[in-house]
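We call the chains A, B and C, going by the order they appear; numbering starts again at 1 in every chain.
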Amino acid sequence: MGVTNVSVSIGRRRLGPALALLAALAWLPGARADDALPQRWVSAGGSISEWVVALGGEDRLVGVDTTSLHPASLQELPSIGYQRQLAAEGILALRPDLLLGSEEMGPPPVLEQLRAAGVRLETLSAQADLATLEDNLTRLGALLGEPQRARQALAAFRSRLEAQEAWIAQAQRSQEAPGVLLLLGHPGGSAMAAGPDTAAAWLIERAGGRNLTTHSGYKALSSEALLALDPDVVIFTDRRLLEADEARQALLRQNPALASTRAAREGRLVALDPTLLVGGLGPRVPEGLAALSAAFYPASSPLPAETTPAR
Amino acid sequence: MTPALRPRSLFIALGLLLALALWGSLALGPVSLPLGETLQAALRLLGLPLGGSELNQAQLIVGQIRMPRTLLGLAVGAVLALCGVAMQGLFRNPLADPGLIGVSSGAALGAAIAIVGGAAFGGIPEAIAPYLLSLCAFVGGLAVTALVYRLGRRDGLTSVVTMLLAGIALNALAFACIGLFTYLADDATLRTLTFWNLGSLNGASYARLWPLLLVAFAVALWLPRRARALNALLLGESEARHLGFEVERLKRELVFCTALGVGAAVAAAGMIGFIGLVVPHLVRLLVGPDHRVLLPASMLAGASLLLLADLAARLVLAPAELPIGIVTALIGAPFFLYLLIRGR
Amino acid sequence: MLQAEALSIHRGGRTVLEGVDLALQPGRVLGVLGPNGAGKSTLLGALSGELAPAHGHVRLHGRPLEQWSGSERARCLAVLPQSSTLSFGFRVEEVVGMGRLPHATGLVCDREIVEAALRAADAAHLFGRSYLALSGGERQRVHLARVLAQLWPGAQGQTLLLDEPTSMLDPLHQHSILQATRAFAAQGAAVLVILHDLNLAARYCDRLLLLQDGRPQALGSPDEVLRPEPLKQVFGLDVLIQRHPEQGHPLIVVR
């Protein structure tokens, strides 16, 4: 810490206009003169961090929370812990200009301390819907000074979802929408099934499936209820359960109820990366949806893979 | 089992330990500050005019983050240790813990109601919302303790054994209710609940500190005045009565004091285990069970150890931090086992 | 002076003590005898204020016991319960020193008294040891020293109540402890002691109270009370009464 006794808040006010003026003289005439862009970012929230990277801002990140796992290079950054239990001094030690996070970020007294220390706080919603995503990307674009890139990313995201919808409509002409269950956690215990108000249900519906549950949130599901629901497809959030043949056999042996569902009989057990389920819509959502759809409608030829936007 | 230290040497050692813990708590953290600035900031906190009016980062970190946190740690550690002594005296058992009379489980239940219920119903007035959790935890702790005490009373006398059993039953009941709330909670509130149960001094601020400081002062002033009565109580209730102490009043005061102290500590910092159990035990090993020494010494030791545990909590994983309850349990539980095995 | 008038105690709807009239006398030792469940400890509980009487009164120096403040009472009435459970490692002199809690006589004086009381209870050699490291008999002597310290040096107007102080002692200490009790009474204190051993009672008590089913059966000198008929009636024992060849007190031999 070489500049600790430079007064943080007052210093920025003094330096800000000067820097902006220099920038305006040296760079494009369109550079904004009222506020220098934040250079050192801390991001608390998996999909937010992912979008920052997707929009080309990875070199601004100086710290991320424990849910920021993608891309893997983020895991090299200092971890600020769980987003709801942030530590003020730990974050200040990273000397950030900006703390990005969802409305779940907290606890509130720590956020106040950070604000008092001159850190700019930006709260993006983690809700899984397109309007929220548009809002979030617009703000990230502005913060990065890359509004154009953000608009392109959003358009690409939208068009992929539209293509996906069209593909599903096509597929549904030859096959009825399958009944789907998403099971969270290890099925050796009692697995938790995703209810209709979860991000999992959003993904299932968008991928052209029918989510079979009616409870709210994630609730443990009894073997009998599993049998009664008799899903056509079961989604697991642990890839290791399905990858190797022995693992799959063991899973079915341990869960006779699961083994006798239509999904198991027809071999339609699918794995989904659980990081897609938290923190709102991330850039990997279209890929995940495409993979799910392909599993839901095996007869239709899969949607051609597109390159991920802007990366 | 003969005490190893004279009280005077113990108090000197504990004073040094506390000074060390205070220094560490104010001077160390994820942000490394030059010693001179820390000192300057600390002196300015004491009101010394040192020139320059702007709030620099050192003053902000020492004054607004570390100082309230240190005060919180001091108060919580001191109160938990003092109340641990009070409970071990009340139950005349060196392995007793404030949790026995339901104050911790009651506070946890209150917190669960606040966290899960607050998230579910919303509509809580802005002015109360930030304090809702602490308030519910405090009230929950007092309510369950009051019930335990009430169940222990019969014909105007308080049976400590009945209280112990009622405490066990009500603890189980409280945890069942917490389980119910856990089941109803969504993912986010569940994590909040889990973290609350692990305790933390994170996010301490002066505004939220003063109720606990008030309670801590009251407990720290009052309990040592009952040192002689607690000594007599260790002989037995009728023995204490024959020595002229009003045992019924003493028991009532001890229960009330513990409910108030632990309730306020838990409300401010969440569940922090083992300080109330291990610290009095440790001090007793060093200077013997005389409460005239044990109470003030436990207070100093509890405050110091909690500050040191907090220091570990904020440095080990920096810039993230470990819940302090994990640190105290990781150190406290093996130590407790060691005492058990040693004492056999 | 401790006095009981027409004292009755109820417990759980039963009358466990009835019609006891008793006055402890300064300088004298009163022994209480009776089979298990006769109400001996109940009597001691009532006399010490632990149990509230259903009928009758207990007065200390003419004033009802319940009107005394705790510390005031503790300065002239000390009680040794049957057994004390102390699971904390106090040193012996600290345990005895607790007898001085009702007083404010200062550290130096208290220390002298503690040492004297320990000597009286034949426990001076235990000074400095941890209470938890003592045997049952040693602990009993330490507690006796504690109640002696509470009233030390034992003047007229003070009362000592002892519930089976010899139950865990070897024969030598049974005698030395009761001798110490007598010596204490000789300073002027009134002593009540519950005993099981008839011969110890005969030797060390000035008066004896014989209890059966909560009722006093006999109250008088050992010679008056320790006779074959009352003992047969109360204990169901056939005994011969002889004389101690040297001391002259009654000696009870079971037939």
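The rule is simple: contacts are C-beta pairs under 8 Å (C-beta built on N, C-alpha and C of every residue); 3 or more make two chains touch, one makes a residue touch a chain.
Because the structure is a prediction, the values reported are computed rather than measured.
*Asks:* Based on Cα centres, what is the most central chain?
*Replies:* B
*Asks:* Taking each chain's centre as the mean of its CA atoms, which one is most distant from chain C?
*Replies:* A
*Asks:* Of all chain pairs, which one counts the most C-beta contacts?
*Replies:* Greatest count of contact pairs is found between chains A-B.
*Asks:* When the C-alpha atoms of chain B and chain C are each averaged to a single point, how far apart are the two points in Å?
*Replies:* Between these chains, centre-to-centre, one finds 44 Å.
*Asks:* Distance from the CA centroid of chain A to that of chain B, rounded to the nearest Å?
*Replies:* From the centre of chain A to the centre of chain B is 39 Å.
*Asks:* Roughly how many whole angstrom separate the Cα centroids of chain A and chain C?
*Replies:* 80
*Asks:* What residues of chain B sit close enough to touch chain C in their complex?
*Replies:* Going by the criterion above, the answer is residues 1-3, 92-94, 228, 231-232, 234-236, 238-239, 241-246, 284, 288-290.
*Asks:* Under the touch definition given earlier, write down the residues of chain C that touch chain B in their complex.
*Replies:* So the residues of chain C touching chain B come out as 48-50, 69-75, 77-79, 81, 84-91, 94-95, 98-99, 101-102, 130, 132-133, 150.
*Asks:* Note which residues of chain A are touching chain B in the complex, please.
*Replies:* 1, 4-10, 63, 66, 78-82, 84-94, 104, 107-110, 112-113, 116-117, 216-219, 278
*Asks:* If we count contacts the way the header does, which residues on chain B are in touch with chain A in the complex?
*Replies:* Touch list, chain B to chain A: 29-34, 37, 54-58, 60-61, 64-66, 130, 183, 186-188, 191-192, 195, 200, 202-205, 208, 314, 317-321, 323.
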